[in-house]
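Next come two complexes, and both contain subunit A; in the first it sits with subunit B, in the second with subunit C.
Presenting the complex of A and B:
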C-alpha cells in the first residue's frame, strides 16, 4: 500500500521515449523507400542524359542561363522576402555542404562512381529548391499566369503527339466519314436543340450520330475518292478545335479576339502541315500539335489580357527559351565539352537497332501509348459500370444481396491474382478462343484491362459509397428517378475519386511485362503498329530485352533512356488525369 | 457585310461569290485526294523511289525462340526491314523450347530460333498440328566457361574436371577438383533449365550424370556475369557473345578435351579446335510460311548473312558460317521453298 501511495503522488510520469522512438521509426520508414528510389532515379537520369560526361562549365552555364532566371521569376512572383532568404540560404549553404560532404565521403569512405559533387548538388539541392520555388511561385498571380501558359504549351504538344499516335492505328478514312456523317450532325443538332430549347432535336442527336457512324463503316469501301490525310485532319480536328476556341473567346472578349484566337493558330497549323508534308515530316502530327498548342494558348492569353493581372507572367516561356538558346550559344562559343545524351530526338523517332547509338524506342512507345489509351477507355467503362451497378442497383438483403456480397468478395480477391495468370487468361480467351490473334494490340489491351479491372472497380465503389446518402435522398425527394439521381448526383460527386483510382491502375498497366510475354507480344518490332490487330511491342518489353544485351552501352545508356521515357509518359498521363480530376472536383 | 452593300455596283450576288469560292475550294481539294481502295493511309510512302523489286515485298514476319539467337536474328531483321519498307518483322525472345511449344508448333510464328536441335516431343507436337519445317544453321557459338579475373589459380579445366563441378553430385570445394586449387567453396552460376544452353551443356559435358541443381539459374547472361564478377571462387557458363563484348570483366577458361587447353575465340570455334563446347545455332522456318514470297526472301537473306563477318562476329559475337555450310544451307532452303511454293 505504501508504495502505491508513493506512485500516486502528484501526476506521476509517463516515459515519452517510446513515442519519440516510434515517431522517428515511422519517419525512417517513410523516407527509406523514397531515398532508395531517388538514388536509383538519379543514376538512371545520369546515364540517360550522359551527365557523367558533362563538364562543370557546361553545368554552370546552363545553371546561370536557365535555372537562375527561372528561380528569379518564381521569387518575383512569390514576392515574399522570407522565401527569398530561405532560397538563397538553401542554395548557398547547400553548395558548401554538398561539396564538403561529397569530398569527405570520397576521401574517407569510398569513391562514388559516376557522380561528382556538382551533380550531387544538382540533384540534392538545386532540383528540390527549384521544385519548391516553382510551387511557391505558381501560387502568385504572375507565376500562376506563367505556369498556366507553360502548361498549355507543353500539354498541347503532348496531346497533339498522343492524338497523332492514336491516328496511326485508326483508319483516317473511316474517321473522316464517321466525323462528317455522324459526329458533326449529332453535335450540330444537339447545339441547335439547346439553342432553341427543343428537346426533340436533342433526343434525335444520339440516334442520328449512331446512324452516321454505322453508315461510315459501310461507306468506307464504297466511296472511291477521299481527301488527303492532311485535309481530313484539318477538317475533322483542326477546324472544330479552332471553332471551339473562337466560341469560348467570343462570349468574353468580342469577335475580333475570337477571330484571332481561332484563325491564327489554324492558319499557322495549316501552313505548318503543308510545309511538313513538303519536308517529309509526318504532316498530320505537325498539324495536330500546332493547332492543339495554339488554340488553348490563344484562349488562355486572351483571358489573361482581359483580366489584366499578372501579364508579366506571359513572358515565362520566352524566358526559358531564351535561357536554352543563350546556354547553347555560350557553350558553343566557349567550346565546353557537352554531354551526348542517350535520350535524344532520334531515340524517340527511330526503330531498335543492334548498334547502341542508333537504337530507338519509337515502335514500342507507339505500342504502349495505343494500348494504354484502349485500356483507359475499357477499364473506365467496365469499372464504373460494375461499381455503379454494385453500389446503386443491387439490393442489400435477400438472396440477391447474398449474391452481391459473393460478387464483392470475388472482385476483391481478383485484385490479388498474379499478373501472369491474367496473361494466361488473355492467351486462352482473347488470343485463341475469340481469335483476336496472338500478340496483337487489341488482345494486350483487353488483357491489361482485365488485370486492372478489380482495382478500378474497388476504388470506384469506394468513391460512390462515400457520396453522402442525404444527397441521394434529396434527389429522390425531388422526384428524380434512380437513373437521374445516379447521373446528376452520384457520379459527379464520385468522379474525382473514381479518376484517382483509374490513374493508379493505369500506372500499373503501362509497366506490366509478364502478361504481355504470356500473350506472345513481340520483344522487338521495327515498325509502329498500324492497326489494332497488328503485332506490337511495348516499352517495358523492349527495355527488359535491352537490359540483357551483352554490350554495356545497351545495359546502361539505352536502358536508362528507356526508363526515363517510360517515366515521362507515365507522368504525362497522370498529369492529364489529375487535371481532369481537379476540374471535376472544382465542378462539383 | 461590305460585300452585300457593293452587290449592285459590281453585279456579283452573294450566291455567285459563294459558288465561286466553293468551286475554287473544290478544285483545291481535288489536288489533295486519295483513293479509298486499299486500307493503307496515303502519307506512308514518302519516297516512292524507283527500286521496284523491293517495293513489292510486304507482310508480317513473326519470329520467336532462343534468347541466344535473338541478337543475331534481330540484327538481320533490322537490315531487312530497312531494305524492304513494306515488310513488318517482329521477334520475341521466348527461349528455344518456349518458342516451339507455345508458338511455332501451334502455327503462330513463321520462324523459331533454337540454340539446340528440335527435340522429339516438339517434333511430335508440330506433326500433330501439321506444322512442317526445315532446319537451318544460323551460326556457331562457343559456350564459354568463365571465372573471376582475380582467380589466378585456374586458367583451364579438362572436360572431366568441368563435369565434376557441374554434375548432379558436384564437388563442393575447388581442391576436390584439382589438388593444387584452394580449399574454398565453389559458387556456381549457370543457365536455367528452359535455356538451350543448359541442354547443350548437359549433352556436351555432363552426359548421363545430369546437371547439378545447386547453382544460381538464370536466363540472363548479365546476372551470371555479375555473380561471377562478385566472387573470386565463382564459376559460370554462357554463350560467347557476352564474353566477346566484355572481355575485361571476366576470365574465360581454356577447355582441355585431351589435346591440351583451348581458349574460346572466334578462330578456335570456327576451326573446330574448341571442343566439345562449340555448338551450332539453328533457326526453323515453317514450310507453309515459306510459300509467302516475303518470308522466303527473308530466309534467303538470312542464309546469305550467316557468312557476314561484320554482322555475325563483329556486332553479335558468334562465329560466321563457312562458305561451304552456307551453300548447303541455301540448297536446303531452296528445296523447301520450292516444296512450299511449287
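Presenting the complex of A and C:
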C-alpha cells in the first residue's frame, strides 16, 4: 500500500538508514586491516623496547625532553595558530579520553595485557599527532631545512654503514687497484669528454675502465706492496666524495666555502679513522660514515646559508640531541627506573646466541646488506634494459609486436609466480646445476634478483611510458640516434620513477624468506660472511629461526627486536623511494 | 654534438655509431631475453626433477594418496598430496572469507564514498599491508593472534593452527582485492552513475546496483588473483600453522551423512603444499633423493595451479571487460 501511495505522489520516502549503515560499514572495512596491523605493530614495539616495564616517570621524562620540543619546533615551522590550537586540543583531549576509555575497558571488560593507559596514549594519540605535525612542519621553510639536515645526517650514517659492510666481503687490495686503474681514469676521461664536448673521449671511457678492472684483477697477486687499508679507503672513497662536494659548492659560493665543505669532513674523517683504528673499531666504516655524513651536510648547510632562509631549522638535530641527553641526565639523577630494551646497540653488533639476553643480529644484518646490494645492481641493470627494450626498441604491431606482447604477458605471469617456486629455481639451477653453492650469498642474490625482476620491469616501464613523446620526437628531429635519444632524453626523465620502483622492489626482496629457505641459507651463522661464497644468514631467516624457539624470551623479546629492525630498514627504504618520487613530481 | 663535423652528418656513416647502436640494442634485447629464459628455466628445473620423481611414484599415487611422510623415522615413505591439498584449501578459503568481503567493501568505499583527500591517504596506507614481510605476519599470527584467540574465543585451539595463519593471509591479501577492484570501479564512467541518480536511486543503490555490476569482471579477476596469492603464500603458514600433514577426522553425523567438523581443521596444525616443500629443505639439498625430487613435483603442482589461475583472471578481465 505504502509503495502505491509513494508512486502516486511521485516521490516516496527514501530510506537513508541503509545507505548510512553501508557507508560506515565500508569505511570500517577499509580501515580494518590497517587497525589490525596497527595493534600488532604496537605490541611488537612494546615487546622490542620493553615498554611494558617502562615506568610512567620514565615515559614522562622523555616525552617532555624529546617529544614536546620536537612538537614545538614543528608548530614554530608551521606558523599557523589554527594548527597549534588543534594540536593542543588533540593532545590534551586525547589524554583525558584515552585515560578514561582505557580505565573503563579494563574495569568493565577485561584487563588489557602488557599495555597501560600511558602507552595507549603514546601510541594512539601522541604518535599520530607527532607524525601529522612533522608533515605539516616539514612544509614550512624552517621545518624543511631542519628535516633536510636531519635526513642527510641519518642517510649519511645509514649509507656509510651499508657501504662499510660491503667492504667486509670485498678484497680491499683488488678494490684499490680497480679504483686506481679502472674507475678513476674512466670517470676522468668521461668528465674531460663532457668538458670539451668530445664524444670520442666519452666513448673511450667505458672500454678503458673495463681494461683497468681486468688489469686490477691480474695485478692483485703481482704487486708486492700495498698501502694500509685506512689509506686505501681514504684514497678511494673519502677523497672523491669530498672532492665531489667541493666541486658542487665551488660552482655556487666560491672557493673558501668549497674548501670548508670538502676539507673539514675529510680531515675529521681521517682523524676519526686513525682514532678508531687505535680504539679497535672498524676504521674504514668510521671513516665512511664520517665523510658520507659530513660532506652532504656541508653542501646542504652551505646552500641554506647562501639562500639565507630558515636558518633556525639547522638547529633541529641539536634540539633532538639535547633532548636525548637531558632525558638521560634526568633519568640518571632522579634514579627513574628505565626499561631494558631488547633492541639495543649490542643486539645489532653481536652474533646470535642460545641465551636470549646475549643474542644479536649482526651476521644476519651483514648478510642482508650484501645480498641486497647485489640484488640492487642486478635487478636495476636487467630491469632497465628490459623495459627500455620493450618501450623504446620494439614496435607495437607487426611480427615484432607479437614478440613484445609475449614478453609482456610473460613478465606479468612471472610477477605472480609464488616466491617459493623461485626458491626451487635457485636451488635446482644456481645452487646445484651451476655449482654456485647451497646457501651462498651469490645464489641468494641471483634468486632474489629474478624474483623482483618483474616488479622492477613493470615499474620501470611505467616510468618510461610517462615520458612525453614530444621529447622523443624533438630529439629525433635533431638527428639523434635511438640510443642517443634513450640515453639523453628518456632515461634522465624516467630515472626518478625507475629508482622509486627499484627501491620498492628491493624492499620486497629484503623481507623474502621462503626462497632463502629453499636455497638452503643457513638458519643461524655466528660470524659475518667474509666472501660472496660463504654461507650466510639474512634478517628474515634469523627471525624465522628464532620464532621457532619455544622460550618466551625469544618469542616476545629477541624476535620482536628483529622484526622492529627489519621494519625500520623497510620504512627507511620506502621512505627514500617516496621522497624521490615526490621530489621528481615537484620538479616536473 | 661532435666537434669534427661542421655541417650536419645526414647520411650517418661511421662504423663507430652503427656499432654503438647495435651493441646497445643487442644488450637490451639480451636483458629482455633473460625474462623469457627465467620462465623456461622454471619449467625445465621443475619438470626435470619432477619427472624423476614420477618414475618412482606414480601420478595417481601422488594425486590420490592420503598420507604425506617424505622422511619418516621408521620407514615407509608416502607421497600423497591430499592432506596437503586439504591444508592449502583450508587456508585459502578462510583467508578469502576475510580478504574478499573486506577488500570489496574497501574498493567501494574508496571509489564511491571517500573524498579525494581520504583516498590519497588510504590507498598508499593499504599498500603497506601487502608490503610487510610475510615472515613478520607469520610471527604475529603465532605470538599475538593465536594467544589472543585462545584467551577469548576458542580455548581449545592448539599453538600451531590454521585459523590464525589464515586470518593473517587474509589481511595480507586485502590490498590485492581492493586495489584491482577499485581500479575497475573507478573506470566505470560517471554517466552511468548520473543516470542512476537521475532515476532517483540513492548512493547505496548506485554503488551496489550500478557500479559493482558494471565492474564485475575486474572484481572477479581480483578475487582470483588474491586466492592465487594465498595458495602460494609460504612463510605465514610455515611459522604459524605448524607442519603436520593430517587427514581430518570424518564424523558420522545424524542420518548417516559423513561430515568434517571445521574446528578439527581450523584449530589444529596442518600442512600446506608450501609448508611441505619448506620442511623437506631441512634434510638433504644436494639432490638425487626422493624427498628432494618430491619438492619439485610439489613446486610444479603449485606453479601450474597459480599459473592457470592467473591466466583465467587475465581472460576474465580481458574478455568480459565492459567497453565504454
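Note that in this section the second predicted complex is superposed on the first by the 528 of 588 C-alpha atoms of A that agree within 3 Å, B and C clash if a C-alpha of one lies under 4 Å from a C-alpha of the other, contacts with A are read in each partner's own complex, and residues count from 1 in each chain.
We take it that contacts are C-beta pairs under 8 Å (C-beta built on N, C-alpha and C of every residue); 3 or more make two chains touch, one makes a residue touch a chain.
What you are looking at is a predicted structure, and each value in this text was computed from that prediction instead of being measured.
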item: Side-by-side fit of subunit B and subunit C on subunit A, or clash; value: clash
item: Chain touching more of subunit A, residue-wise (subunit B, subunit C); value: C
item: Which of subunit B and subunit C A:525 touches, first, second, both or neither; value: first
item: Touching partner for A:112 - first (subunit B), second (subunit C), both, neither; value: neither
item: First, second, both or neither for A:318, with subunit B first and subunit C second; value: neither
item: Partner chain in contact with A:33 - subunit B first, subunit C second, else both or neither; value: second
item: First (subunit B), second (subunit C), both or neither touched by A:223; value: first
item: Contacts of A:68 with subunit B and subunit C, given as first, second, both or neither; value: neither
item: First, second, both or neither for A:534, with subunit B first and subunit C second; value: first
item: Which superposed partner A:100 touches (first subunit B, second subunit C, both, neither); value: neither
item: First, second, both or neither for A:410, with subunit B first and subunit C second; value: second
item: Subunit B and subunit C contact sites that coincide on subunit A, given as residue numbers; value: 438, 517, 520, 547-548, 555
item: Residue numbers on subunit B that touch subunit A, as the complex places them; value: 29, 32-37, 39-43, 46, 60, 62, 64, 67, 70-71, 74-75, 77-78, 81, 88-94, 102-103, 108, 219-222, 241-242, 244-246, 315-317
item: Subunit B-facing residues of subunit A, complex; value: 171-173, 220-221, 223-231, 277, 280, 282-284, 351-355, 438-439, 517, 520-527, 530-531, 534-535, 537, 545, 547-552, 555
item: Subunit C residues within the subunit A interface of the complex; value: 1-3, 8-10, 12, 16-17, 20-21, 24-25, 27-32, 34-36, 38-39, 41-42, 45-46, 48-49, 101-103, 105-106, 108-110, 113-114, 122, 125-126, 128-129, 131-136, 138-140, 142-145, 171, 174-175, 178, 200, 202-204, 207-208, 225, 228-229, 231-235, 238-239, 274, 277-278, 281, 285-287, 295-296, 299, 302-303, 306-307, 310-311, 314
item: Subunit A - residues contacting subunit C, complex; value: 11, 14-16, 18-19, 22-23, 25-34, 36-37, 40, 43-44, 196-199, 203, 381-382, 384-386, 388-390, 392-393, 406-407, 409-414, 416-422, 424-425, 427-429, 431-433, 438, 450, 453-454, 457, 479, 481-484, 486, 504, 507-508, 510-514, 517-518, 520, 540, 543-544, 547-548, 555-556, 559, 563, 566-567, 570, 574
